[in-house]
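Got a structure here, written out as structure tokens. Questions coming.
By written order: A, B, C, D and E. Residues from 1 in each chain.
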């Protein structure tokens, strides 16, 4: 028997979008709801029962020094990574873009070099960084000493460790930002530069302010949000190099969520950390939408 | 029929070869039991977390080597099975002294058997000692002397360090024990390291750092620096001896010295015994029989000999210590091992685990406070604060 | 009249690729010159060299008779309108138009959004600029749009903003690079007359690049036809239509593609190629040319006939709208006026002058 | 002749927006019907409804007299050629043309690249398909291109591949949606005649959507003019040119936009609006209409004059190419033939018939 | 450029260490070049350790994830752009929301759920949670939205079923986007440490980063030569893959509307 055209269409639609939608609900929306509920309990992994603890987990997170440390560490990390990663990314992209016209080969080689950190396994690279940063045997300190400077305990000095990790974060994300900026630069019509020259904005400084910077506006915004989102999720380097230490000096939200949840099995508390982490990211994303909304007329 | 038992262990650095030899020797004797060794966990801490996680997932092994201080976590969640019925009525005959049994006993029930023991010793690089004008024969036996020597070594060069000890609960308990202190009172209802002994012991961290230039190495950093010859004196578990000897290679003749005794009352001194215990996780009766056979083998003089000869651990069976037949040759070849085992024989004590679900988390707080002290916080204030925080956390009020 | 802009024997090579090959173009004061040619023939390159955005490999560039090869675009004070308008999307219409003036009259500091107001003189400068912008906007009917951003403008409006930006500077010369090619047909025709009247209004010389011969014919005083990096012919539209110097020029000019008939196709012209425009070829029972009718297209006022000569060459003729089309496939006769016939050399393609009349039978 | 495709009173709404409003179109067997109208008037929607790609909100769709509203595009066996050709960029020309046959004649298994050859019958089926593809390619002059990908083809070649894909299926009806609009002017004219000859060759009915009146006039037997979702007029090209039923239709048809003169502009026609095509209006010193010359554009064979009437209405006239244009701003006189005048109601825009001759003075 | 040198530093050091004999690794003087090339580190890493197993695990997991992601995302993205139905807006809204949810948020409940079902410590545990890829749907949707709908209408007229259209027309056309997506997906999951650390405890299931950690701990941190060799071996496949697909990737980025 043949189904009517409408029925056939509906079945087709179901067949096309059904699996993906179901998977999304099952692995994204349902879990988010469960996390939200769990964050109000004292549930422990493996336990048979749990009690409602309402806001206790959140209070604990915001009132304990360790919880606050994780939050501020994450924010500092993000705040350091964004300007350096975006700034260097833009700088490098402009350099390479210009170089592309007179030394395309070399510029391509450099592009690849900058992109290496993204393709490489961060955990493996962390191990390499750890060797480089070794307090007495590492290349960096040995070079510093050779030049008569003070060596530092890059990863075990509590005042320094977060910034060391941030720099490694910058190292790993600069290439990605560079590629995005390169795409943005390539999309700027060369006629605009010509127009700027005719209009008297011929020096590279005024070219940058008249054309490049404003035209890259949307790209920059996008790059910043991507960088921030990724920075918020920092986990690999912390887990491999410092485990949040020394003395929680490099503890971050995601690492704390891992530690509390999967090392100490405090599912309820870890859910609360998750929700806070999520809230930060959500605010960031909404901020992005808001700013982009204000700038739609760009295109 | 053939029974299959799955064995979990941790710290492959020390154990991975030993485990192979043990299981092979066991299976040779018991051809009807097949031992499968799980991939190791990286540390005792990770090991017990993994066991918990696997129990949540329902994939827990049948028998596990766990840290001597950590089997209680398993007992707490009902994973460890009581083994009194298997031991029988005369444990001493098997070489299980009451002291040894106490390491695995809780509320009059035996859950674990110690399989190996270690305490904290000093590893010394004689080359650096000599360069700094010290002498190995006249090696200091007090902390003051050690600090003095370390300061001299530290002055040798910008990438040479004098001394290092990890800001870690077990190391701290060891130093505390040297002063005759205990982290908790007898019935584990109160924290006691905020007394003079505790504060002095914690203060050692600050003195190491201030007077002898101790860096805040991570454990890995230090374990790389010492074999490389960049570190003069290192406090570490005696179990790492084999590893370090291999790492030092021809560069220097690694020497083990006992941890200084700081208390005048030697009877109060104790060094918490690290090492492992073996627990039964299997719930199935048939499996339990096989598991017990394995546990008995591992703790027998025969099994213990394998463990001692292949790791740096001291034995956990009295027969082995009493009867020179087993280890006489070994000590002749390994004077360093003798130093460690003698220290264990004289001063072994329990490794305190903080009670309750937050017990593991509490050790992290201890670490954090030790870092604070190392970096200049007032030891007295810090330790008192820590004690308060922990009483809160552990529900001791 | 003297020439305001002149390219003298200009050659431009990109690597080994010669894009302009000894090009000489003279633009008279106040004239409207169109550079016409197929895509890639070097029109934009010529214009960019005039503007100072590109430099010739050899040859001279004269502005008002002075060599300006050492001057950049801004110093030459030429205005340029780009094909895609090249408006700054982040600036309002007013700011876009004002930009060239801002760059000239305000220091770096004075251009800063807030700080600027504290720089002495900046406020007056700003006011003068604003007045000029409003004037330019008025003359282009843009007053209402001054605060909009280019993204929200229609093609024609963008076009006018681009013109405004050129206008406000009071330049010596306007250079326009296919400014209408992005517009739809109706709008294009309207903007055509707006640009023409702007030309009349300012009295300045315009150089206008296009590949659309209709546009060039309709607007220019002088058309420079470029083919393959060389100037094929320069002259008035009527010159080009009536006396193309080369068969390629003839092929390029004219609303309907010109027919080329070879010897044996029915027009006797020795070994020359005969060029005859469809509009000059009409069905006429007394005509001298006979051909087979292959198709007809009714266009309202006229009917386009597709024909095939004896020798098999396809060509076209135009009949009046009321012509009764015979059945497809039948032979018809066509007439033409002899003076409408163009003769080209079969080998070089050059126009053969003088021989025209006698060669036609 | 019977009708092969008929839309009967079809209405199509998108949400609250009525795109087709009671449209009835009849396509005769073997005919060439053009759907002509401005952008957005619903041409494509009508075509898509004929094809079965879209469904009417109300009304009937008849194929060969049978209601086919329940059949999808494939089941109706119509062929469609799209504006952008819609060639599959990842398939070769041969594969593109073969695809409809492959879908019909090979099972799922047989379509697999390697496995396919083991399926019984697949090899023969493949061979038959390949033969048909080669036949179609030959008839369109595409043999050489069979292994190329669409990306490397010119516009005209792509167009022919798209036709080939339609042709190979031997469909009941060809539907073409602005197939020439992406081509340049010269090529468009050539492809026009190719499509016409294809129509003659296959003898099938063609429905051809375009917004270019020249195209519709040149190719179609029947033109359906659509305005704002309704059928404004349907008839032969000559009908539409000579007797437009509405001023909007008149405005749409004809190469040059028709002039509309109001009462007081110089032609006395009561309160009717006068439509007069530029090609029907010529400078003539004896002409009855006088106006001011505002601009002239030289187009080669003719000269387009922009004029302004006494009352200020702009309009255009065409002079022959050799006309000597008076100075801009002078008054000239123009003549027209009375029977070329169209009269429309000033309010409804409907044609006023019968009153034409007497109304003209 | 100096920046490039900084970027390269850890790579150079890694290689240098990987080739150094053991006694030169922990030396107190700086030597970039080893005194002799020590292949034994690589041989050790490849034969004495589980590195080949880790690579295999990584490949299985990464390809498994990719194949399922594509199988689920492409039809959905296609339907969202080229078909009209009631729930379309709703589903697209869901995708946009899902886009904002980082994986870390869902880890705890998924862990619990998998524990219930008993599939922790299997390949499935590593693959399943990543199948719904809002990012993939979004990327493909952006790409399909740029394709003319004529193309799909033509396919319908030619008699292709919707499923056939998805896989025979839409997907081949989306190859640039698919390449970009594949690189994203592969690098992300090859390098992911968070979930493997949670979902698996069995070292025999370790993916490369997890394996590196096992390896590091197993060798107690002082057997750096083989560790670096292992790190190099683990990093190399992705770098090579990336170099091969670099152009497509950037192209896909540019066309896929990832920016703004």
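By our rule, a contact is a pair of C-beta atoms (placed from the backbone, for glycine too) under 8 Å apart; a residue touches a chain by one contact, two chains touch by 3 or more.
This one's a predicted model, so the numbers in the text were calculated from it and none came from an experiment.
**Q** Under the document's definition of touching, what chains do chain B and chain D have as common neighbours?
**A** A, E
**Q** If each step moves to a chain the current one touches, what is the fewest number of steps from chain B to chain E?
**A** Step count on the best path from chain B to chain E: 1.
**Q** Looking at every pair of chains, which has the largest contact count?
**A** Top-ranked chain pair by contact count is A-E.
**Q** Using Cα averages as centroids, what's the distance between chain A and chain E in whole Å?
**A** 16
**Q** Between chain C and chain D, what's the gap in Å when you average each chain's C-alpha atoms?
**A** The answer is 29 Å.
**Q** So, what's the distance in Å between the C-alpha centres of chain B and chain A?
**A** Here chain A and chain B have centroids separated by 39 Å.
**Q** Between chain A and chain D, what is the gap in Å from one C-alpha centre to the other?
**A** Once rounded, the distance between the two centres reads 54 Å.
**Q** Tell me, which residues of chain C touch at least two other chains?
**A** none
**Q** Give the residues of chain A touching no fewer than two other chains, as numbers and ranges.
**A** Only 45, 136-137, 142, 262, 298 qualify.
**Q** What positions in chain E touch 2 or more of the other chains?
**A** Touching at least two other chains: 26-28, 213, 216, 224.
**Q** Which pairs of chains touch one another in this structure?
**A** Inter-chain contacts occur between A-B, A-C, A-D, A-E, B-E, C-D, D-E.
**Q** Show which residues of chain D lie in contact with chain A when the two form their complex.
**A** Chain D reaches chain A through residues 55, 70-72.
**Q** In the complex formed with chain A, which residues of chain C make contact?
**A** Touch list, chain C to chain A: 48, 51, 53, 72-74, 78-80, 82-84, 86, 88-91, 99-100, 103-104, 108, 149, 151-152, 165.
**Q** Over in the complex, which chain E residues touch chain D? Could you list them?
**A** 148, 150-151, 153-160, 164, 169, 172-173, 175
**Q** For chain E, which residues are in contact with chain B within the complex?
**A** Residues 22-23, 25-28, 114-115, 118, 120-121, 201-204, 206, 213-214, 216-222, 224.
**Q** Which of the residues in chain B end up touching chain A in this complex?
**A** 49, 52-53, 55-56, 77, 158-161, 167, 215-218, 220-221, 224-225, 228, 230-231, 357-358, 360-361, 364, 367-372, 375
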